[in-house]
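Common to both upcoming complexes is chain A, partnered first by chain B, then by chain C.
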Partner chain A sequence: MPQNSFGLISKAAAVYAKDLRLELRTKYALNAILMFGITTLTVVSFSVGQSGLPPKLLSSLFWIVMFFSAMSGLAQVFVREEESGTALALKLTTDPDAIYWGKLGFNLTLLTIMTVIIAPIFFIFTDAPTDNLVLFALVLFLGMIGLCGATTIVAAIIARASVKGALFAVLSFPLLLPLLLVLVKATEKVLLGVSFSSVATELQFLVAFAVVMIVGSVMLFKFVWLD
Partner chain B sequence: MWWKWSLFIAMGLVIVFSFTTPAPQQQIGEASRVFYYHIPQAWICVLAFMMSMIFSIRYLKNRRIEEDDRAADAARLGFIFCILATVTGSIFAKVTWGSFWNWDPRESSIFILLLIYGAYFALRGAVEVEERRAALSSVYSIFAFITVPFLIFVIPRITPSLHPEDSIVTENMKFTMGPAVRTIFFSSLALFTVVYFWMFSLARRVRIIERSRMEIEE
Partner chain C sequence: MYELKGEDLSKRFGELKVFSKLNFDLHTGESMAVIGPNGSGKSTLMMVLLSIYRPSKGKIAYLLDGKEMEENQIRASVSLVSPYLNLYDQLSGEENLKFFATVAGENITGKEIENLLEKVGLAGRGMDLVGGYSSGMKQRLKYATALLNKPAFLYLDEPTSNLDAAGKKIVADLIEEYRSQSIIVIATNEEEEYHLATKQLRVDK
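After this line comes the complex of A and B, so read on.
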């Protein structure tokens, strides 16, 4: 257990910096996520064309692309530790809470980079309305936090299992379903060009979901990490 | 032994009466007899999943492998009853609303329960070391459970319900069932619960035999 919050933050920052440096060396997870996202977006764009799709369809297509792109790379942060055999060293040198926060931060960075690249391409490819970009970015950002909060612990779980491939999406999907439904709804409203107050309920939901998932993960993470 | 015979007789009586008395809901008619079976199945499903989660929490607390066995057994039985409730509900939906599946809130939530526990069994199958399997699947089932309140909040806002609630309770939570319907329904509920606990104890006995055989082989 951490002695004080400062110790926790600096340890988490160290874990985060280590993961970031490793990722920059190989860019494995980032490439997987980006290539997956761009490929699926291309397929979507080719098959439905640039004709103005209704916002409902656009927002569901967008979140399907985002969900599966995220699924292709987010598990890497823990799988890498197990594959290179460094999990034990990490366990000995720092406490579980710091590792969780560090990894969560790293996954959040990955998804932020993904969003910054994929979302503009989405707007270019599908000709979606761009009147409400600030609100769109807010919904996207809260959605990313919820997505990371719910899946980081799942990544830790599947890293310890012997079959890793499809298990991540299988385990994550039921947890993320309420989040995805609300995100699709909120994005649809945003694309229709509504004001802030009419998506307030959805935004509240997104914040609540992210907070509950992260708190639950912090409580349960040590059971996964130190078994 | 005596209670198994009385269970047999009582269950037989419930089945006979559930088909010979007038249908419980006049508007829906004959199809509403499914109510005597569908709701007890859904109740057992929820009960079994609750038990599974409680055993998971107890496993993480005291690290005894029996608790994990119990959690897995309860989840497996809950899954069977969940499938039964889904199938009976779906047939009922076909008869009354005209399609087998229309993402009614209850349909959505039971579908997600199936997904969560399907994932739970997939996870159990993917971990070989016993202690690790127990810890990981316990964490997963607890974590999955904390997303359920969000679903209950979200889904009714997205799709309107077609579920016949007024056949069970009215707005002011009063039972509108007649005395005959009520007797059959609550007997069915109680008997299903007894059957569930019987199945659960049988699963426990099988586990104990398996464990002792593994010890002998070692």
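After this line comes the complex of A and C, so read on.
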């Protein structure tokens, strides 16, 4: 591997480790995400009960909870830098690419923690079928990468705006709509207990979406971050 | 030999003219005090020189032995101390220094961190969270951070703000130490700081 790649990896790892350390000390984004996720899931599951909801409805509810929980915390990764006045020091010190990869990794970690907590609660509260958990985990994993790929660049765009929260959701929604529709469809099929080949088209879309979002973001990030 | 050139630099924010037609040419060993009243655009000029803002007109050139430096080279050679630049309150002084050294691609040892902290008068306080520092201690830590990459271009915006007499002495000593190996640009209102630089540039609308 060339020297530059090692440099980029170690710088991105430092940004990631710093964000993780700050989050563990403040728990700002994590609390926001988990509080929203668990509260919504609890309210929804108590409202609809455990009476064998159809997979389509279960799948939609799950991704609505995931989407809004993600919206409540993923923007923090850049908003915190702008609000605390540390963005300038970062801009002057390191490559935009290292910052993007570090922040993307951090958001992915946040979303993974959220999913690890929310998904089991979802299965327990809604009595959703658990026959196809490996495929469910695969859809979830690809969905998380797509969500993070799209929302990390949007978080960088809105970080300096005055109405950050609203703008984050408004800008993210059209970007994430195709992803959410496919995730709902794929999850519905998984809950129905179909085989891998039956969700292959959805999985292909999820991989393509994640790749396009991340590659596009890497190309755009420098301009968003420095201008 | 490093060189910093500004040619006919102008900056506007929409209809608001901040400064216009500034010219200067600095070489390693030279320093420039950017002077002017409050709101005259001294800090904006610093941001323009650091490529945080684009100039509305004019050109900035960073040269090494007469050849234009690339973006990565420039990033590795500049440092800023400014009221607009903050460090991480939830990290300790040492953690801040280690983080900024790593993301800048520098290897730094524990001993070097200790030496830097001692140089800015923060010996023994490196493990404390920066959020617990006084404003003067934070300013000192900004100096330690700025010196991590042994900058060829050192930008100081209101260099002694929040500092006590001992802190001001440390800053004067640091400027003296780096004067021969760096280009130093100081934005200040304080007349007693004009003498820290070898040249002056008046900024006014």
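Going forward, the second predicted complex is superposed on the first by the 224 of 227 C-alpha atoms of A that agree within 3 Å, B and C clash if a C-alpha of one lies under 4 Å from a C-alpha of the other, contacts with A are read in each partner's own complex, and residues count from 1 in each chain.
Just so we're on the same page, contacts are C-beta pairs under 8 Å (C-beta built on N, C-alpha and C of every residue); 3 or more make two chains touch, one makes a residue touch a chain.
Everything numeric here is computed off the predicted structure, so don't read it as measured data.
In the three-chain model built by superposing on chain A, chain B and chain C fit together without any clash.
More chain A residues lie in contact with B than with the other chain of the pair chain B and chain C. Of the two partner chains, chain B is the only one touched by A:F173; chain C is not.
By the touch criterion defined above, A:R21 reaches chain C but does not reach chain B. Superposing both complexes on chain A places the Cα centres of chain B and chain C at an angle of 90° as seen from the Cα centre of chain A, in steps of 10.
Applying the stated contact rule after C-alpha superposition, one finds that A:L220 touches chain B and leaves chain C untouched. In the superposed model, A:L92 lies in contact with chain C only, and not with chain B. In the superposition on chain A, contact of A:V182 is made with chain B only, not with chain C.
Of the two partner chains placed by superposition, only chain B is touched by A:F209; chain C is not.
Of all C-alpha pairs linking chain B and chain C after the chain A fit, the shortest spans 5 Å.
Common to the chain B-facing and chain C-facing surfaces of chain A are residues 227. Touching chain B in their complex are the following residues of chain A: 150, 153-154, 157-158, 160-163, 167, 170-171, 173-175, 177-179, 181-182, 185, 205, 208-209, 212-213, 216-217, 220, 223-224, 227. Of all residues in chain C, those touching chain A in their complex are 50-52, 54, 72, 75, 78-80, 82, 84-91, 95, 99-100, 102-105, 145. Chain B contributes residues 60, 112, 115-116, 118-119, 122-123, 126-128, 131-132, 135-136, 138-140, 142-144, 146-147, 150-151, 153-155, 158 to its touches with chain A in the complex.
Remark: chain A residues 7, 10-11, 14-15, 18, 21-22, 25-26, 84-86, 88-95, 98, 226-227 touch chain C in the complex.
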